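Shared chain: subunit A. Partners: subunit B in the first complex, subunit C in the second.
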Partner chain A sequence: MTTEMTEPVTATPNAAAESTRSALLSVRDLQVDLVRGESRTRLVDGVSLDLAAGETLCLVGESGSGKTLTAMSVMQLLPGGVEVTGGSVELGGRDLLRATTKELRAVRGNAIGLVSQDPMTALDPLVPVGVQVGDAIRAHDRRISKAAIRARVTELLSAVGIPNPAANARRHPHEFSGGMRQRVGIAIAMANRPRLIIADEPTTALDVTVQAQILDLLDTARRESGAAVLLITHDLGVVAERADRVLVMYAGKVVEQADVLDLFDRPAHAYTEALLRCSPGATSGAGEPIPGTSARAGALPTGCAFHPRCRIGADRPRCQQETPALLTLGTRHDSACHYPAEVTR
Partner chain B sequence: MTRFVLGRVAQMAVTLLGASVVVFTVLRLMPGDPALVYAGPFAGSDVVEAVRDRMGLHDPLPVQYLLWLKAFVTGDLGVSSISGLPVSQLVGSALAQTALLTLTTSLLAIGVGVPLGLLAALRKGTWADRLVAGFNTVALGVPNFWLGLILVIVFAINFSILPAGGSAKLTEDPLGALTSLVLPTIALGLAPAAMLARLTRGAVIEVMHEDFMTMAAAKGMSIGFVIRRSLLRHVFLNLLPVLAILVGSLLTGAAIIESVFTLPGAGRLIIESTRQRDYAVLQTLLVIFVAVFLLVTFVADILYSVLDPRVRGHLMREGGVR
Partner chain C sequence: MTEPALRLDGVSKSFAVRGGARTDRVHAVRGVDLTVLPGQTVALVGESGSGKSTVARIAVRLAEPDAGTVTIAGRDVTHLRPRELGPLRRDVQMVFQDPYASLDPRMRVSSILLEPLRAHGQVEKGTAERRVAELLETVGLRAEDGDRYPHAFSGGQRQRIAIARALALRPRLLVLDEPVSALDVSVQAQILALLRSLQEQLGLAYLFITHDLHVAREVSQRIAVMHLGRVVEEGTAHQVFTDPVHPYTRALLSAAPVADPRSRGTRQRIVLSGDLPSVLEPPSGCGFRTRCWLARAECAVHDPALEPHRSHQAACLFPEELDATG
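What follows is the complex of A and B.
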């Protein structure tokens, strides 16, 4: 038991390890289930992803596609009843799924910083924001002095663009606007210079005018710290501007992944095509909605889960019966579509 | 803030005045005659009339009320029509006794209830949770006077390790006064402890679902750190209204337990004075009870605004200058 925990898990010489040589975060065949007594519902099914230092990977998909669960599996912060039931999550070569609670705590907020979706609820309304930033530092350094924390908090708040940081540190969250709160959220995520920043739809709850500012701030933080960013979004405009790599999810599975330009130029999955068409800003698409409703976990259609809503495969027996595998089409471009050649943009 | 406080104080004064009218009227509507009680069953009608005259019972009710009110606000609470002792002395010592019992009972209820609720919530679904739930059911189901009697039989009579009650004064015999409070405190505090355990469990589970708790975990904070920093504050805010009602009802409603343990508290005084139609004592005591309730909820509101910066900010805006 001890050998397993103490021995650093080094990359073993096999095919999978070869491709993840430079990856900071490497998720392999992740499975997440909703467990209720004996019944299990698969929520995330076989997701694999690699993320190198300094890189931004966007997770795209509709609500319920499993993007947030995938990201939160990395931090091991899943809601009650939801469990990782298979696969591996390696950060810097270390399997987080096998880490003890104590080891996980040392990783959370330290090697991995989280920027949450809703800055209105992610901060404790009863605690001054400076204290909440300081707690992220104190959680990983019990012996640090109060003065040192205060200095670092002021520095962090100033870095994320909070004016008059020393005085504003003593204010409570309700005295800040949504954008300012999200800046505080980024300060918390950056407090211990993380190697990975997970941002779960960090701008969804914000005014359009401040969305770009917050994303710029994240970009700056990434460039200056060299951290990798796992950015969850359903806004393809954001993807086009910020991503290096894109991973499209549908019904708990990865349906396509590619470098950002490649994905926008040559989408190879009917779902990606539909997403591009319904997003008015990202492409020449006119904002056509995707017909039907998103597939529900536990009641997935047979074959390709997207086929009932698909322009190409709705009536094709192969799409209705045969589950497509995620296959490589070319350099760093994978798709799980039976008819990638028929996808246009 | 100041304007808020002043407004509330004025509001409480009006409420109290209204309550004094109600108390006064209801007491006079009560069957029985203090003059008859005072004069005794063998007194002639002329004696009763004389007593009635001396007590001022011949005046019209509004006049009686205004005379009493005038004396009351100038600090003259009158004398007990039965014992002849000053009301201030009777009520004062009874309230001191009850306040002491309220303090020990509240400490027991909070000291036992909150940790149990916390344990049950953090170990939700385990045997610890079920054990606490079992304790709650039993503690809430057992009537406190019955528990009091059992405690007296076991600890005072069979084992003789604790007094069955008593009237030792804290100032004269501190140890005696405190040991005589042990059994009544347990009898009185067990049900509130169970109630607080239940409420705490619910509040903790609710707060645990808040986004900022997930965020705290994502920062790498240990559970103890999170409990101290966030959880307890939110749980306490949740419990504050209940705690106010608990303290208020303990201050005014410990009559049965005080009788069981023969503690000379406010509850017993109110029963005795009612039996004897001792208007002067009853009026004072009941008005003070109303005042206590108003004061306790007022203090709870102030505490709320101190602890919750959102409410504090709101009050400052509403109230104008600080």
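What follows is the complex of A and C.
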């Protein structure tokens, strides 16, 4: 909170209450390309989403669907050669795509906290975890005293369920289990009371009994801070248990978005239906495979990118030729399917 | 009576772990009994560090147990020397988790599939090409895919190639170590369907290692739950899912997320506190007691054996407690 740029995106109780109605994060028509010399491959194509304070939005899709790139575009932490080439990303009314590097640095780890999939690679193996949490605080508050940092680190580690926080702060990442490391990762993400937490498959690398602990912890952090959570996952079980809203991605596009109950009760895209049916542990028709392989960027089928694998559209000329637009079907429910009425549960 | 495809009796295995000045022994697997009948799938379920992968390695004799016996199709193979393992390798093959790591990127798919046949001197001139085509078609790929390299295939397709390679010697038992964990859900379901149809066609037996209970339920007739080197519960998939006896099994079942938002809040959830205890310093008595909400003083003293409880078997001193709380 030392630079003027962070001011508009710093949470105040009033702002948080207000933004439950208006979006905290608003992404419009986001385009992300892989740029190699003259050639461009579209990886994310026209993604729009809104996320309100206190809300959990799940981004669901298979590998290569663009869900991680969408989230990383918000932070502007994209791999080399990958660029945002269109659209806007607004956090608290400020367009992050037009922010300078310095301004972005003030937002990352401050207004936005990031929890990554693998806490072992996200943490520095040579530095005690307490110092790493402390660095996250100091990076955004140069004038804070050592004693104040130490107190805040202990408070954070204790809040994420690390036993003996003062003593454990002096230990290195390798001395912790995967679950404990992910707790440290969450402590770092929460260090500056972010308004938005981006969690990219935060439990995929963890055992199932630890998964629930970590997701509970994220829920608690969200409830207590009023932060919004953008949760990236491929696991529909996690979606069912944690999401308020769900955005389903396929081949770089949003194919459906809805409130969680709506999505599971009344899916309106053939891909969502297929995903629900193939997930082990889904309630109906568990384990029904989707034929073929995921569409790959740069070699997308014509028309609807899902049509070659689709139960409904594989043989229909309209699905083969015409790209479906994302249309609103009901209350807060959009789908990009030519035949949403034929989708069943 | 049919001979089991695989039988483990009281199998134990420990490893030396050097840490600083002293050497510790990790008891990765302790007294495991397991039977897989021909044509049957037994799922071995557990978290990381439970010892399930060590059991898999013992079953294919990539590791030799310290105690107990390994019987494959009626033959004791516990202490066979590497040179004597040839016939065993024909009967038992393994499929690994990561199809990116398990296929040599510099070999054509046809060579990958022929390698086990060459190693066993089974390649006859003129038939090799036909056998490759046959194997590829068995796993849902095309004969011409044999000319390509692994990088040309997606993760799911690579796992099909790994399965084809495992089938090359016409084994009777496949040991599958997390075969779908690295794959997307839509592809997972494809591979599980393929494994099911192969089992029907070829009468294969599977020892299926997984951390995913939903997957275990879908593929297996029997389930063995491992915790800290021991089997703590064993029964039919139906028994284990509908009538879990061991508190650990109950915790595992309740932790697995259910893809039904309406069950939110209505489902009884057991969230264990703490982590899996370290295999280096296992607790005294029952290995689960440090995380068990039903543990009593006796649990720190006695390490319970796998015994019949209700419809099936579990290793718990106070299984009846579950009825009271459940």
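Throughout what follows, the second predicted complex is superposed on the first by the 322 of 345 C-alpha atoms of A that agree within 3 Å, B and C clash if a C-alpha of one lies under 4 Å from a C-alpha of the other, contacts with A are read in each partner's own complex, and residues count from 1 in each chain.
Convention: a contact is a pair of C-beta atoms (placed from the backbone, for glycine too) under 8 Å apart; a residue touches a chain by one contact, two chains touch by 3 or more.
What you see is a predicted model, and the numbers here were worked out from it, not measured in a lab.
Applying the stated contact rule after C-alpha superposition, one finds that A:159 touches neither subunit B nor subunit C.
When the two structures are aligned on the shared chain, A:175 is found in touch with subunit B, with no touch to subunit C. Residue contacts after overlaying the shared chain place A:99 against neither subunit B nor subunit C. By the document's definition of touching, neither partner reaches A:82: not subunit B, not subunit C. The partner of subunit A that touches more of its residues, comparing subunit B with subunit C, is C. When the shared chain is aligned, subunit C comes close enough to touch A:237, but subunit B does not. Touch criterion met: A:107 reaches subunit B, while subunit C stays clear of it. Within the superposed three-chain model, A:136 lies in touch with subunit B and out of touch with subunit C [touch as defined at top].
Within subunit A, not a single residue is touched by subunit B in the first complex and by subunit C in the second. Interface of subunit A with subunit C (complex): residues 62-63, 177-180, 207-213, 216, 234-241, 243, 260-261, 264, 274-276, 278-283, 286-291, 293-294, 309. The residues of subunit A lying in touch with subunit B in their complex are 75, 77, 105-110, 112, 114, 116, 118, 121-127, 131, 135-136, 138-140, 172, 174-175, 188, 191.
Residues 47-48, 154-157, 184-190, 192-193, 211-215, 217-218, 251-252, 255-264, 269, 271-273, 275-276, 291 of subunit C touch subunit A in their complex. Listing the residues of subunit B that touch subunit A in their complex gives 210-212, 214-222, 225, 229-230, 233-234, 237, 307-310, 313.
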